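Each chain gets a letter, A, B and C, in the order it is written, and its residues are counted from 1.
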Amino acid sequence: MAVDTERTTPGTPRAPRRTGGLRHRLAERGVDRVLLLLVPALLVVILLFLYPMMYGVGLSLQPQKGGGMLANYRAFFDDPYQRDTIWKTLRLALPAALINVGVSVPIAYRLRGRFRGRRALTAILVLPVTLGTVLVADGLLRYLGPKGWFNRILLDLGLVDQPVRLIYNYWGVLFSLIITGFPFAFLLVLAYMSGIDPTLERAAATLGAGPWQRMRRILLPLLAPGLATTFVLAFVLAFSVFPSANLVGEPADETRVMAIAAYQSAFEKYDYSMASTIAVLMGAFELLVISVTLLVRGRLYTGPSAGGKGA
Amino acid sequence: MTPETVMAGERRAAFDHLRLEGVTRRFGSAVALSELDLRIEGGEFLALLGPSGCGKSTALNCLAGLLPLSAGSIWLDGERIDGLPPERRGFGMVFQNYALFPHLSVRRNVAFGLSVRRVGKAEIRRRVDEALALVELTEHAGKLPGQLSGGQQQRVAIARAVVLRPRLVLMDEPLSNLDAKLRVQMRTEIRRMHQDLGLTTVYVTHDQEEALALADRLVVLRAGKVEQIGTPEEVYTYPSSTYIAGFMGYRNLLGLPAVTTENGRVVVGEGAFRLTGVPQERVSGPRAVAAVRPEDFRRAGPGDRNTLDVRVEVSEFHGREVAAEGVTEGGHVIHFRLPERVAPGERIELAVPVERVLVFAGTGAGTRAGTGARTGEAAGPADAAGPEEA
Amino acid sequence: MSIARSHPASRAASHRRGLPAGRLGSWITWGCVAFFLFNLAALILSVVVNSFGTSWFAGWLPQGFTTAWYSDAWSEFALGEVLQTTLAVTLAVVALSLLLGVPAAYALARRDFPGKRVVLLLLLLPVLLPPITYGIPLATVLYKFHLAGTMTGVVAANLVPALPFVVLVMTPFVEQIDTNVESAARMCGARTRQVFTRVLVPLLLPGILAAGILVLVRTVAMFELTFLVADADSQTLIVALYSAAFTPGIRAAQAIDAMAVIYMALSAVLLIIALVFVNPTQIVTQVREATAE
C-alpha cells in the first residue's frame, strides 16, 4: 500500500517539509489509485474497439492485390459500382434524418407539456426502436407487400388500380428508416424541448411576441444545439443502414449501401483489406458529419445555458 | 439523560496532544493552506474560524485524512499519522450537510462504524442505544434520514461520530444548515457533550459568535495562514489585526491619519475630529485604522473626553437597543448602539472609552477589514451577548 | 446542458403545458402521431396474423388459422438452442459490462485527471458510431484470433457498445451521491471495499438496475455485431430471424413470422420489465449525456 511506503521511509522521522512528493502532486491533479478502477474498462475498449479500428486502418493500407498503400482507396473511387454506394447511402440517410428530425420538432412542440398518457405514448414509440430494424423490415415485407394491408386499403379506396410497389426498392428502405428512426429522433427532441423553461415563452408572450415569433426567436435558438445532436445521431443511424437495405431493399442495385459493399467484400469475396477500406471510409464520413455538426452547434450555442457542466 | 454515568469510562482524553507541523495543501498552483503549525491538547475544544476560502475546511480535511497533504506532517503524541488513511486514524467527523447514509435507518447509521469494525452484535446494540439516548433520538431509531428534520439529522450525525469513542472529533460547520434558534440550542448540546464525554474537538466555523461561545481556543485563519491564536476573550477583546477586528464585530474601521503617539496612547483624526485609542501595533505615518465596536459607543455626558459629533442617518429598532448609523463632519460613517431611539437628522455627541479604541497600522487593510465587518455583522444583535470585557 | 444533467431525476421534472395553440395545429399533430401509430400497429399485426394463418393469397385475412407454424419454426430454426444462446450471451454481456463499467463510472465521476477528455471520447465513440462501422474490423480481428464463431467472440463483440454505455449511464448516478457520504463512511472506519459494498452499491442500485436492463434490451436487439461475429451455433434470435428472412422461399413466410412473433414477445417482456425500472426515454436518449461533454 502506498500508505505504508511513506511511513516506513527511514531517516525522515521529523517534520520533512515535503512528503511523498510525486504521489501528492499526482493526487492533487486527480491521479491516484481510484483511477485503477478505470483500467479494466479502458482495456476492454482499447482491445476490442481501438485496436480493431487501428488494425482496420492498417489493413486498408495493405491491399491484397498490391499496388501501393492507397490502391484500395483508389480502386474504391475508380469503380463506379463501389463509388456509387456513397451516393446511394446518402440518398437514403439524408432524407431519412431530415424527415425524422423535421417532423419531430412540431410534434414535440405540441406534446412537450404534461398530458395524460405521455408515458404510454413514449413507451409505444420506444417499441420500434427496441424491436430493431430486422423485425421492422420483416413487418414491412408483409404490410407493404403487393398483397399486404396497405395496398389493400389503397385498392379498396380506389386510389390505385394496381398494387403499388413499395418493397424490394428504395422506398421500402426509407420507410424502415423512418419507422425505426422517427421515434428515436422524436424522443430526443421531446427531451430537449421539455428542458426549455416554459416561462421563457410566456415572458416572450407578455412582451408581445406571437406564436410564430416565440417559436422562431425563443424556442428554436434554445433548441438548436439539441437539434444538431439529434440530427447527427439520426443521420449516423441511417447512414449505417444494413439489414433493411438487404431485406426490404434492392441490395444488388438501388439500395446497395456502403455497409453492404463492405460486408460483401469481407464475407463474400474474403477481401478483408477492401472491407476495411470501406469501413474506414464509412467511419471517416460519419466522423466528418459529426464534427461538422458539432462545430456548427458550437456556433449556435450562445445562451447562458452553454457548457453548464463542463466535463 | 445522564451521559456522565453512561460513558464514564471515557472522561479522559485519549491522547496528550496532536501536533501539526508545516501542514500545507495546494490545489494546483493555489495554496489553500500554508505551513500551518498547531498544537492541540487532549480534551481541548479548538475552533478554526474564518470566512469561506480561508483554508479552515482544508485544514480539517487534512487532519481527517480525507485530503493528502502537499507538505508537512501530523503527529499524535509520538506517532506520525499523516500517512494513515482516514479509516485508520480513529477520528470521528460531523459534516456540514450531515452526510448520513440515506439508505440506512437511524440505528444502522449510528451502528455503521461499529459494524465495519466487526464489533459483536450485543455490544453494538448497547452502544448504539446509549448514543441514541445521548442525542435523544431513541424513538426515531427506525426511521430513515430523509424522514427526519434538519436538527434530528444533525443529532444522528453527532451520534454516529461519537459512538466510536473517537480520539478526536472533527466538526465541519455542523450548525450552518440549521435555523437560528436551533443553532443556539445545538451549540449548547455540542459543548455539553464535549465536556461530558471528555472529547477532543476541532470545530470549523465561519460564525465568530459560535466559535466564541464554544471554543477553549480560537484559530483565526486568513488566506490559508494563521492570523491569530488565542482564547475567545483574547481574540475578542484584543484582535491582532484589522482583519480580525472586522471579523469580531468591530464594525467601525476608520481609516484616519495618526496625529500623535505618546504614553501608550495614540491620537488619530483629521480636521476637528480627534479620537484617542490604544495602539495595537507600531502606528506611524499618515495612515492608521481605528477599530471600535458599535456597542462601545454611548451618548456623551458631561466630563466625557473621547467624543465625536455625528449626524444620525438611519436608526433601526432592535428590541433591547437601537442600532444607528451616523456621519461625522469629515464624512466617516459611524455605527453605534444606544438604548433609546434617535431620529434621523438629529445631531448627537458620542463618547467611547480610550481603551476600547484599538488603533492599527493602516496599510490598505481597511478595505479587507471592511468585508470582515460585514461578516461580523451577520451575527447582529448577538454581538452584545458575547463575552464582553470578560 | 441542463436537461442532460437531470438524467436520473427527469421523471420528477414538472412542466406545465405550453401556451394555448391553434386547434388546427393540434389536429395535424395528433393526426401525424395517429397515422404513424396506425401503420406501426398494422405492421406488427400483419406479422402476427400471418404467423397464425394457413395461407393468405388475397383479401383482408388468411383463409384459416393455425398454430402449426410455431412448432414448425421451433424445430426448423432450432429455436430452443438459439434462445439458450441468446440468454447466455445477453446475461454474460450484462454481467461483464456492469462489473467493469460501474467502477469505471465511479472513477470518471470522482476524478478530474489529465487526459480525461480523451478517455471520454474513447468511451463515447463506440456508443456513437454505428456497430456496422467498427463491426467489420472487429470481426476481422476476432477471426484472426479464432474467436469469431464462438460464444466468447459474440460476448466480446457485444461488450464493445455495452460497456461504454454502462459507464456513460452510471456516471451521473455516481455524481449524484454526495462525496461526503463516502468520507463519512471512511471516518467511521470503513475500508475502500467496505465503502463500495456497504454504501456505494446500495445507493447505486437503482442506476445499476436501469443500466443492466438497458444493456439487456440492447443486446437482445443487437443485430449487426452478433451477425458479423457469430456462426450458426453462436447466433442470437435476431440473427436467426435475419438469416431466415434473408432467404425467403426456402422457408415458409409464416414460419419466419412465427419466429418474429417469438422475438417480439421476448422484446415486449424485456421492454415491460425495463419500463418498470427506467424512464422509457432513457432507452433512446442515453447519448445526450455524453454528447453534452
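Simple rule for what comes next: a contact is a pair of C-beta atoms (placed from the backbone, for glycine too) under 8 Å apart; a residue touches a chain by one contact, two chains touch by 3 or more.
The structure presented is a predicted model; accordingly, all values stated were derived computationally and were not measured.
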Inset, instruction - Give the chain pair, either B-C or A-C, that is connected by more C-beta contacts. - result: A-C
Legend entry - Chain of greatest Cα-centre distance to chain A: B
Legend entry - Centre-to-centre distance between chain C and chain B (centres being mean Cα positions), rounded to whole Å: 55
Inset, instruction - Find the geometric centre of each of chain A and chain C from their Cα atoms only, then give the gap between the two centres in Å, rounded to an integer. - result: 15
Inset, instruction - Would you pick out the residues of chain A that each touch at least 2 other chains? - result: 29
Legend entry - Set of chain C residues in contact with two or more other chains: none
Legend entry - Per-residue multi-chain contacts in chain B, two or more chains: 85
Legend entry - Residues of chain A defined as touching chain C within the complex: 29-32, 34-38, 40-42, 44-46, 48-53, 55-56, 59, 103, 106-107, 109-115, 119, 121-143, 147-150, 152, 179, 182-184, 187-188, 190-192, 194-195, 198, 201-202, 205, 211, 214, 225-226, 229, 232-233, 236-237, 239-240, 242-243, 246-247, 259, 262-263, 266-267, 272, 275-276, 278-279, 282-283, 286-287, 290, 294, 305, 308-309, 311
Legend entry - Touch list for chain C against partner chain A, complex: 1-6, 10, 13-19, 21-22, 25-26, 28-30, 32-33, 36-37, 39-40, 42-44, 46-47, 50, 56-60, 100-101, 103-104, 106-108, 110-114, 116-117, 119-120, 122-123, 125-126, 128-134, 136-141, 156-157, 159-160, 163-164, 167, 217, 221, 223-224, 227-228, 238, 241-242, 245-246, 248, 253, 256-257, 260, 263-264, 267-268, 270-271, 275, 280-281, 283-285, 287-288, 291-293
Legend entry - Touching residues on chain C, where the partner in the complex is chain B: 178, 180-181, 183-191, 194, 198-199, 202-203
Legend entry - For the chain B and chain C complex, residues of the former touching the latter: 64-66, 85-88, 90-93, 95-97, 99-103, 112-113, 116-117, 157, 160-161, 164, 170
